[in-house]
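These are the structures in question, set out in turn.
First subunit A sits with subunit B, and in the next complex the same chain sits with subunit C.
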Partner chain A sequence: MPGASVKKERSPIFKIVRRGATKTFTFLGVPANSILVFFAFVLLLLNIYPLFTLVVSSFSVQAANSVPVSDWDVTVWNIWDLGEREYAALGSPTGYYWWTILVSSDLATGFFWLPLARSLLVSVFACIFSIVFGGIMAFLITRSNMPFKKFIGAIFIFPYIMPQWTLALFWKNFFITTNFTAYGGELQALTGLIVPDWMVYGWFPIAMVLGLHYTPFSYILIGGVLQNMDSNLEEAATILNIPRWKRFTRVTIPMLKPALFSTILLVFSSAMSSYSVPTTLGNPVNFYTLATQMKSLIEGSGGKNIGSGYAVAIVLILIGVVMLIMNQLQTGSRKQFTTVTGKSGQISKRNLGKVGRWVIGVVASILVAFVCIGPMVSFFLESLLPNSGDFSNGLSFKAWISKEPIGNASAGYVGLLFEPRVWQALRGSVLLSLACGLLAGLCGLLIGYAVSRKRKSALGIVVNNVAFFPYLMPSVALSLIFMMLATGIGIPATSATFGIFVVMVIVGVIKYIPFASRTSLNAMLQLSEEIEEAGMIMHIPWWKRMTRIIFPIQKAAFISGFLLPFISCMRELDLFVFLGSDYFILTRFMFMLEDTGVAALENAANFLLIVIILGANYLVNALTGASMDKGIGGGK
Partner chain B sequence: MPKIVLTDVTKRWGGFFGVDHLSMEIEDNGFVTLLGPSGCGKTTTLRMIAGLETPTSGKIQIGDKIVFDSEEGINVSAANRHVGFLFQNYALWPHMTVYKNITFGLQELKDDMPLIDSAYLKYLGLSNTVLNVVDIKKFLGYAVDKKGKVDKDKALLFLIDGFKISMSAAKELFDLHLDEKSIEEAKSISEAKSKEFLDKANAIKAQDEAKGIHLNEKGEYIDEQGSVIHKVRKLDKEEIDLRVRHVARIVHIGEFMDRYPSELSGGQQQRVAIARTLAPGPKVIFMDEPLSNLDAKLRLEMRSELKRLHMDTGSTFVYVTHDQQEAMTLATRICLINNGVLQQYEPPLDVYKKPNNLFVADFKEGISS
Partner chain C sequence: MYNNKNKDQNFDNVWDFAKAGLTIDTMDPTNENVNMDWLIQLTSDENCALLKTAFEANTNDSGLSIDDINAYKEYGETRKYAFAFIDRFISNAAFYADDGKALDAFKVAPGHAAWIVYSKIQNVTESADISKKDIVIAALGKENADGKNPTLCLNGFGGFMYKHYLMLTPKSPLPWTTCAFINFLSTTKIGYSKWAGDVGDYPTYGEEINKDRTMNGHGTLDAEYKWTQNAEDPNVFPCLNDPSSNWWIDTAKSVVETPSYIAKYYNTVAAFIMNAIAKK
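Now for the complex of A and B:
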């Protein structure tokens, strides 16, 4: 055969190349592999490159005439006395910024160490609060015979769905006193009670609000385990006649440990990097945390300290990375147990006693209603007040329907429903959230699929971790990084152009891929691989296996993967503080209203936003059965 | 036809050998069981042949096609190996009915098949079937419920299974309502109907002729020389239905067509899984401990069922089990594996009488005599 003789004469190099090509082709022919290769490339590029730019920037002079060549450690106030100083050229390498935040005798404390201590304090308290409150509620709902479970279960998730700073505003609305404003807050108006100043602004309210915001989160994680835990494990201890408290501390708590640990890590790192809450409840009394300090370093002092801000941002990111590594070590350890066995039919419910159950039920309901529904009531009420906190002048719908400018005349805002800038911002928010939700959901779906199929391969592990990385990357830092990138390629970061919209979508997608990919990975892992293999064997092409077999079976979970980014994006502020104009999205718009003195309008807008977000959540829930709080429900 | 050849196939996870340099040949039309204690690498071997697992090294050949060769970097995906696989946990798609479970794969099936006009075939067949008035009345009679009324769904199933026809054809027969007529009346109706069906068939044929398509008596397209025209194509709806009904008859699941897998018992699910595996007509069928989830009685029944299937289909069966007795009764050859290493590969009685080594001798002790 002529073909065969030609084949024999091929050079060895040709053979190696052909073999390599065949191997590559076969490797990429498996959809999971090509997805992994694609995302490994894209995610590394979008995560590592910007980070690299940030680090480089923190080590080079960012503004002319800001970094002295020598005598760094001269007290700022004395600089002027020194007369003409010699400054390093723009862009030249310098360690000055890091020096200012870590070592400098007069700057470091205010720039970095004090904010760090405050951030730590706030985060630790937020953690403790959310775990204790969330844990107790989770226990009561899943493991006791408390009444009103359905009601509590239905609304308990609200604080997590609401934007963080709306809770902060609620706190302010409610507790503020005449020490700070003309009329005080709702509590004072209703009861005449004047709370001490530390309850209004400072570490305590910040910690409480962050704690409240993350309470549903720990409630979901802990409750999920409590509900799905194989009751045989506890029953086995009961049969062995082990006392109840011992059973709880030696069996139940250890089983909960992984959930507790990840709750702590996630709440802690989220609280560390929160920007909007400390801004609302800390800035008025000059209480700066790391995140707010970073923003003021970057935007204050005419850009002189911008590099120090970058350095602080890097520290924030490092904290996130440490958390990620700790989480990884924890989940990688051998004490990782499967708590879901599917056989948890009869969980024994703790009897709270005939009177006790009603007392506890009523107290819990009131508490939860205050935290979860209170904000909405407060916003609505305040939106009807011409002067914030002043109930004496009666109520009016001006902030909603006035066609005349209200409040500060120079801003020229008319009533919410007729204010074009509100509608424009709402449109922006919806478009942005739709784009982020769809893209992040899709990416997450593909990543979850590919990782579940190849989770033992090096590539699978890399993609899984890189996809999760942005979760612990502080939103403000991410926002900052992409502001730098956008400016770098000539898109003015505070504009309202299509270019900046694209940048915002990219940031959003990166930030929310962790949610989406985790959700879809979990859904994939619940699905036996045989289910797909059965289709594979029958020559069913990959996309059809995805759309006709895998997706329909785990529909609810996958749709959660689209819903989570959508709702997160609707309420997002921190991620976009450096991006887009003030009128571009609803959250930015409202946050800006804070400074314009039209409290009623701001409250009306808050009310509107919460209603939209809860409505979206409810709608998707009703349509698909997917929801943010899937996995734990009251009444069951 | 498909002979499966494994050469030096190895599967390694780090330093652990799942399958260690396994070489074997599975002859065409054989029934080979892979036997061994749990964790010995039999399932891995099966999955590697099917393409669900990638070997670390070695070569696998199915028929005359090399489907895996680590030297050359060849790895044909499971979708293109054209094999059937029966999963241990059945892997029925929970969101599809039994019918949909079976048809889903058939809709994707693309093969070199003769082109046929199934509408013509249907009416041609009906023109004959409709004349069996006595049988039709008998089948309809089976479907009478307590109130003395004919249950339509049941009746259709009896007609489908009785005459080996499709659902649409069965509906045509049912719509004659012959149960309500006397024999004489029914006979005259059926004769008239038979003519009508034949006319329909001929009309279809004439239409095809007008389009330049010639049909033979089997409904296949033929060219001028009278030879059948083959083409790589998908199955049409009627053909798919006929195939589903055919495999459903084999494993007796006709009445479950509209149920979801969760509404079936373990044994029924298993039969659906078998039907789904058989439907595309694979030449090689792999089975991964398919009987391990069944109770003892059903297991025995299914065992003989599988043996019968093997004879009926003429396919090559590769069967994984850890049950010595199962292996002995079913197999034409037993492949005994331990710790990923092949111990003995011979017909059952040879393994029983002349064990190669101590392990084989010890392992066959599990067989009750």
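Now for the complex of A and C:
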């Protein structure tokens, strides 16, 4: 027929490719899928590459003349009698570093096995303390008629906001006795009480301080569950005459299991890799943990043991991965309870008694005020003393307002308020934290949205777990890896350039994506999908649905996802310990001030940092309703 | 140095610092390369000889016998003294992450010794309870009144002298300017002035650009503990009357850092030190 078109027969391969392309574009046309694919690629690259670098480095010679070719068991080679030793070439494969920390007699015990046992001990007790203290306070706040709830709830987040080592410093300043120094700490000065030495330095104070630092986690996670838990379940058990202890263990605890395991995961892995607290409260009595020994191996001996340090870092990561898997296994099997009697949505509050509620309220308030506000008071007070704990001269604002140099001449620091390097470091901290907060928050928001929409898909599960992985990497190790990468591409790691600033932002974003993504995921899971579906039916584009529907509804929770990285970054030291100059950010500057031996300066800087962070938290809360506790997973 | 507040201690031999039970506040050698370098440098022949002589002197109150020293004889007949001293030092040491923390602990702990940078003691703020009067630099002794005519009060070595390096790097964008700046810092009075106020800091190219610190400890301390230094006034802080670098090297026999020696013997001694730390 004239004008008729003849359809060209396509090859089978073309048909397959076209079908595949159509499916791919359809798949990627769904925003959640595109986001998941993008972040799967980026997160795997950003997590796997550093990890791969770490593993490869632990199996290759890192420094010239450091790995002997043979006779590894001769750890101290007597060069005077045995002559020059033969060493493996730089970059060549070796198992020496792993042998050193796992098998070699003296070094393995002192630098790995004993510190590992100590780290485990400290982490377990930190978890126990955090859960018990946080859980009790959460119960009293949510399920009792105790007074002063608002006050306690408002300040309970403070220990998390303060840098870990400042809490350790507070503990030492408070509990130290004349067994260690010429005059005791604040407790001995006020009451004459001399506490046992194990309360001042060693595993106990390390565990207490770490537990205290992470107690807000357990308080918020457990409190969140208790707040929403239907008391009908417990009432059903009461009606069936089940004893109280059995009600607690067979009804309440199983409901709290997800929160408990999340707390254990967070607290345990953080406590295992903590460096600053064991340094302050362990080193003086030779109580070394895995993290402190790891840093010694990485920094010490001219880099000759750096590979052993990498091996220790890998062990720390593996421990975190095991915790994560255990957490997944436990929370994966969800059990439900059915009440025999009717159903209600009521939360009953435990009556503590007319007098009892006030007694408990006052005791709880004093205890919480001591651990939450006490450190700030201590830092401010210490900043007014000529020497740490030395009240003999009275108080002076020299560390704040002196215009003459304090300490030895070459350091040349004046009072903090007039010291230009403080403001320079503060500006660096704020810029870095803003950048990390915004980027990590944005990435977390997108990841949380995509995972919530596709949480049953394999890709969703992978992205969800990979997004959490950086949390398990020791901050010091991450800092070191990126220092190596920066140096490798020509950016001097200790410079104060824009290039190193970008590297620091990248490191911060990687480290804090877990917080932001979990916050966003929790927020999205509370939001029903039908709300977004209504917008889809109206042909509203995705970006408009996000900005005009989803974000406004869960604004407070999402902003918390930006706030948490911001505040974590402001008080972070370990993550940036190898990056940037000493005056680049406030925490590095504070660490520098330690070296002056003028404790007043350091305490003044501590106080300043905490005030700024609390101020930022308060400001954001006042403007947007968001807050740190919503970020961790609590709040309404 | 040692804290002699309310004590009547007298450290007149380096081996006194090896006495069991003494606490030496110092920086961890694995964190502070200067400390590692000092311990390595101790194993050189001349320093081993100093340690041997000091061990055999009757001022040695360490309580160690020759059998204790012979436990290290595999390192050599003279070198055993250095390795024994290193082992004892590490055993007695309380490690801190930095000098500031070590000073913090030391200044409030009568009876403690410290191995820290000399100039750090200038950071001790005077008060009723804490004072530089209680700090004794072992080599200078308790009475040290004049840094121009000091009396050596310590058998063995007086301290450790390490260098600060001003380097011109291969890829420096402004090499001539860098050279000029290095010259300014190290050979002119104004350029060196930032370090001239620190006891224990000495220029390489002549003392004429340095500040005279030999009477640094003379002056007045008023009721509010405000210090005014004046060479004509009484000796308040003996520990601050700083002799010249020549005295420290030639008379006090301080251990002097030699990079080529340290590089050559680093592996052996550092491994020994790491083992000793592992056993703490």
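To be clear about the criterion, the second predicted complex is superposed on the first by the 574 of 636 C-alpha atoms of A that agree within 3 Å, B and C clash if a C-alpha of one lies under 4 Å from a C-alpha of the other, contacts with A are read in each partner's own complex, and residues count from 1 in each chain.
In the analysis below, a contact is a pair of C-beta atoms (placed from the backbone, for glycine too) under 8 Å apart; a residue touches a chain by one contact, two chains touch by 3 or more.
Quantities reported herein were computed from a predicted structural model and do not represent experimental measurements.
Novice: Quick one: classify A:Leu107 as touching subunit B (first), subunit C (second), both or neither.
Specialist: A:Leu107 sits against subunit C, while subunit B stays out of touch.
Novice: Of the two partners subunit B and subunit C, which one touches more residues belonging to subunit A?
Specialist: Counted on subunit A, the partner with more touching residues turns out to be C.
Novice: Once the shared chain is lined up, is A:Asn305 touching subunit B (first), subunit C (second), both, or neither of them?
Specialist: A:Asn305: touches subunit C, not subunit B.
Novice: Just subunit B (first), just subunit C (second), both, or neither: which does A:Pro284 touch?
Specialist: The second partner, subunit C, only.
Novice: First (subunit B), second (subunit C), both or neither: which does A:Gly412 touch?
Specialist: A:Gly412 contacts subunit C only, not subunit B.
Novice: For A:Ile531, select first, second, both or neither according to whether it touches subunit B, subunit C, the two together, or no partner.
Specialist: A:Ile531: touches subunit B, not subunit C.
Novice: Of the two partner chains, subunit B (first) and subunit C (second), which one does A:Thr26 touch, if any: first, second, both, or neither?
Specialist: The answer is first: A:Thr26 touches subunit B but not subunit C.
Novice: Go through subunit A and flag every residue that touches subunit B in one model and subunit C in the other.
Specialist: none
Novice: How about subunit C: which of its residues touch subunit A in the complex?
Specialist: It is residues 5, 28-31, 33, 36, 74-76, 79, 94-101, 103-105, 107-110, 119-120, 122-130, 194-198, 201, 224-225, 264-268, 270-272, 274-275, 277-280 of subunit C that touch subunit A.
Novice: Considering only the defined contacts, which subunit A positions touch subunit C in the complex?
Specialist: Going through subunit A, the ones touching subunit C are 65-66, 75-81, 85, 106-107, 109-111, 180-183, 279, 283-284, 286, 288, 295-297, 299-302, 304-305, 386-390, 392-393, 407-412, 593-600, 602.
Novice: Given the complex with subunit B, which residues does subunit A contribute to the contact?
Specialist: Residue list for subunit A touching subunit B: 19-23, 26, 29-30, 528, 530-531, 533-541, 544, 548-549, 552-553.
Novice: Which of the residues in subunit B come into contact with subunit A in the complex?
Specialist: 50-52, 71-75, 77-80, 82-85, 87-89, 91-95, 104-105, 108-110, 276, 280
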